[in-house]
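First, the structure itself, so that you have it in front of you.
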């Protein structure tokens, strides 16, 4: 019997389009899948650009209107990799057309939108997935296993930072990520969303938060009109930055743990410094995305004279996903987290099972994000319950 | 002309008594001082213990009543190294007797007490010093220099943790540090006080805070009655833990920077992990007390292809205090921060100049600590202004 | 004008076959190439295995006899990814057929063979390349730039280790890599070959060596007859290990620098620890393959109070090859070094220019390897001149 | 009964004089000793300097002639902290006078001298000690325990480097350490001596060696005549450097382990980088003197998915010597290794037991050093047997 295939339609062709295209191209080369993805069509509004992307990344065809893509009978899975403000409309359109949907994070820019998306997904009865890909790093998979097996015990602390430095220069232009109507928020939705997903995955649901948000550079040069992409050229005209440069919050988890979260684009020297530590009653774990193949682990059960944080190279065949890749000690990179997630997604599609993370995670993530924003406004603790 | 001497009387003979005695014994052996300390008398309530300490640590005499010590004509400087609840009475007694005073941190357990102590010091016109000794690590001295010289520019972020793990075991007994009436608070006054001092020293005054405090283990075995020291034996009877196990807060500085602070005794694997990072408009610095001879520095002014955090061994003769010690690459330890501070103190006494940190720092530190406690109770932001 | 294509034929389908297949599949997706590779045919002796590999890795066809592959008119480039003892025959066959050739390292198991291969390549006038892929890590490319620009000055020291631990267990079976007639040598040709290539690339030619080789475990269980692959099952019968477990040597470079080299498969905890350091008159650099996205750099020209090794994330668009991949701080992995090398190879084919490293590097590398083996036998220094 | 005392006479007042004086002053303050050291007299040829040192470091008296010191009845222990070329004469003089002797490393500059010293010590029947103080770091003490308890199994590899950078500048003057007649050798006796001691202590005796030595900068400015100390001012006249800048060797141990040793003063950025790693059949350990409070340990017996090098803070009360110092996580420094050694020395004197390391270690150390020098000359392997 020939293997079944899943025809993929991807909306978006920039940074995430590149990463997702790569994942579709690679996933069946490294994982034994029960269905095979077919790179059917890529979609974007600028025809010249999307045509070039189709050729570059290996898509069979392209579309310039997502509604046409969604309407195509030969598409089984829609991948939503556009800026956050268009996620809800596209995803709901796809779900209503009965397609499986995988969506880049954040699921949407508002809690209301995420709820509608989840409802549409549940009604459609399809597979829905959310691209919080860092869950799929082998080191994080190992962390999840250790926590599930009670290796670090009852969790007391989660502390996480996601630090970048790409807009410290006040002359860096006003790209779409700095505009609230497109991006929803700044470092908060971009970076804290990752930390919240990790916290929820590894520690549990967040009950309440106290947050603050700050915009250090309040005006920046607008982009030259013809260039709307990240990294475009600045014009002479100034415009208001309408999102946060940094967003920090304290949290209480439902299970009694406490947490600190900090996202910023103003930490010079930190490029993609998604680092967290979890302290439990039996041990601690720590992770840094800049060294994403490593997990640090401390065990109180070690003999007392040789206790210490050990650095585990999560590159061995028994580590989650790692067996699909290279021999121990041969590291993988950023893009592999997407491929690992896609392997889960296609197996879920093959077997009609749920995948994690999914739209429910998107709703809960957004609920925390909005609670923090509310707290920053009211200057008091706010519930993060959905 | 013979060098002048300063006769020292030390109150307290336990952990801090050991560290301070060592500092008095060593300071003139490594620094060229304009006055020489003389280890005149040590004071403690248990005569057998204090007599042994006097012999062990090299004090000429001992007292069992601090009031007698303070009344002695042959004492010029009183060192207050007792638990925090007795600092105010002893220090004010000494100040009223015209003695110079150096006090262990925290200056006192309440803001009201610290204000009285500062007033008494100002009235007495003597030298007053506060033992936030980490300021005196060469790496911190270097950090201060770099910030003063605008090397890292306008500061945006301060993030600090002080993590320990000595009471994670729920059977660890109810020592004095876990009792509010003696210790004032738990991890907050013990550890956050250090972070606050560092923040104030390197970044500036804190304007407002939002905090939370948590006691994970709410009851512990009482100590056997005969043993009141840290590390004593547990009895069968349980008692209430009346201080925080962890205390976390967000802060805004007067200069616009934002900060995160976290103190805990529940971070397995972290023994004395006082780590902070400062991000400015031109660069970043980072420090970890467990590797206290090193300072990490990132400079945006480096050529773009070779930018990165550099690890500076602050052990060279041009680094603050380091010239008094060993050749470059030969590290110093915890105790040396006390000796470095004492070298500043005795020079201040010799020349009638102020020393840093001093009682004014103690007042401001306590104001922040209390603002956090208030915020934890009101569940909203509180001003830290004095 | 349509882009030209290069039809590839790959001999070998195991570990290196997987890595090379991936490189051909990916290279044109990330690099703008002036010729496009076409994955025409893969070749291996076991038809079932090679057919499965062709499907898995995306080859259009397969062959079971390399001579047939080499004879095919539709093949432009032969990739030799078999064990070292067959490299010479296959490569020379391909060269004599006028194909471009890229060969896995080592170029061959004997210096005599490498010389013949180089002669054949020169006679054929084609592009020849050798897969010392670590040259193509962005961090190494940066190191090369810095050295070329005299940033670290005259080089005094090179010290390198390549440490692994996969055969410490004495029950690990007698795989082909432990048999001299197939593998040529053990850790020496496998691991020291990498170090020698790096040394030659970054420091210069090696003049003379003093070496030693050691086999710690002299007999191991033979593999079950049906299984000749790495990781296969052990039988009850013991056989002799005929290669080195560890090989160490001292070296003098032609330019006066001195070096230490150490390769072992007996360093527990080191999985792929290819670490080296270079010290020059103006600075030092250090690299560790397990953290291959990072380069450490020390500059004596930094202000004296802030000198230290900086850790550079070689993931920025200005770093060699990195611009083809992901944003700064998003790391790449082991496989990308192959893809980067292939991008050089296809540009060389497009433009008829040489590529580095090539068969000449293979000759020189083998000359050093053999000089070390000779030195280990004669117990004195030996010339490494070719 | 009053505690007994041991009266100490120290020859030398420069760097080592400072470190040893400190050790005598401190040892009884932190360790419970069965005899108490008394700092009786310090000795040096320059009266003004030695008088100042006596006052600064706390010696009761001074001498300007070591023969007078050795002849004093009130001296029990002679400490030889002069440059290596005077060790033999002074130590033998002291031994013949029946004094206990502690000698700085190297024991002497020639194997012949060390043999005579050992013979004199054995004849005198006193306690003799050699200041290879790094043995006394708690992390090294822990390493020794782990090896003794077979935790890392049969040892296969020892690899060590001792890297410094203080003479990279060719204008650094021709101090005594660069003159063979005083220093005996350069980096070899200064730095490799430390590595050899560590190797012998932790791994076992060295059977044979193959070495090389190099002087990169062959002439340097002579010191101004009036200044013979390290760090003095350069004159306009050039002189020959008669010692090695770097010394490297391979070794075979009697127990079958193999080793690499490298000492250099030409490794920019490495200040006191005494780093070694030991690989055994059950685990590995690693150490770096620049982070001397830490020991890295890998255990093959850990569960396979969580194996990794752990970083142990050897600052806990159960670690060797650490209980005498500060609470866990509060680090000690360079000088403490001397104090720890002195605590062993005085206990040995109190109980008439041997101390390690001692003059026998000095003989064996020198035998290895000379074998390396011989090998560098003969360009072949040489035996290091005594």
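Each chain gets a letter, A, B, C and D, in the order it is written, and its residues are counted from 1.
Here, a contact is a pair of C-beta atoms (placed from the backbone, for glycine too) under 8 Å apart; a residue touches a chain by one contact, two chains touch by 3 or more.
Since this is a predicted model, take the numbers as computed values, not measurements.
A.B. asks: Starting at chain A, how many touching-chain steps does it take at least to reach chain C?
C.D. replies: 1
A.B. asks: Please state whether B-C or C-D has more C-beta contact pairs across its interface.
C.D. replies: Spelling it out, more C-beta pairs touch across C-D than across the other pair.
A.B. asks: Please work out the Cα centroid separation of chain C and chain D, and write it as a whole number of Å.
C.D. replies: Here chain C and chain D have centroids separated by 42 Å.
A.B. asks: Could you grab the centroid distance between chain B and chain C? Build each centroid from C-alpha atoms only and quote it in angstrom.
C.D. replies: Centres of chain B and chain C (C-alpha means) sit 54 Å apart.
A.B. asks: Specify, in ascending order, the residues of chain B that touch 2 or more different other chains.
C.D. replies: 270, 298, 307-309, 313, 316, in rising order.
A.B. asks: Tell me the shape of the graph of touching chains, choosing from line, ring, star, complete and other.
C.D. replies: Topology of the interface graph: complete, with all chain pairs in contact.
A.B. asks: Hey, which residues of chain C end up touching chain D in the complex?
C.D. replies: Interface residues on the chain C side: 152, 156-157, 159, 161, 163, 165, 168, 210-212, 214, 216, 246, 248-250, 252, 256, 258, 260, 262, 264, 266-270, 277, 279-284, 298, 300, 307-309, 379-381.
A.B. asks: Quick check: in the complex, which residue numbers of chain A touch chain D?
C.D. replies: Against chain D, chain A makes touches at 142, 145-146, 297-299, 302, 304-313, 316, 318-319.
A.B. asks: Would you pull the chain C residues touching chain A in the complex into a rising list?
C.D. replies: 15, 19, 21-22, 25-26, 29, 56-58, 164, 166, 270-273, 289-293, 313, 315-316, 325-336
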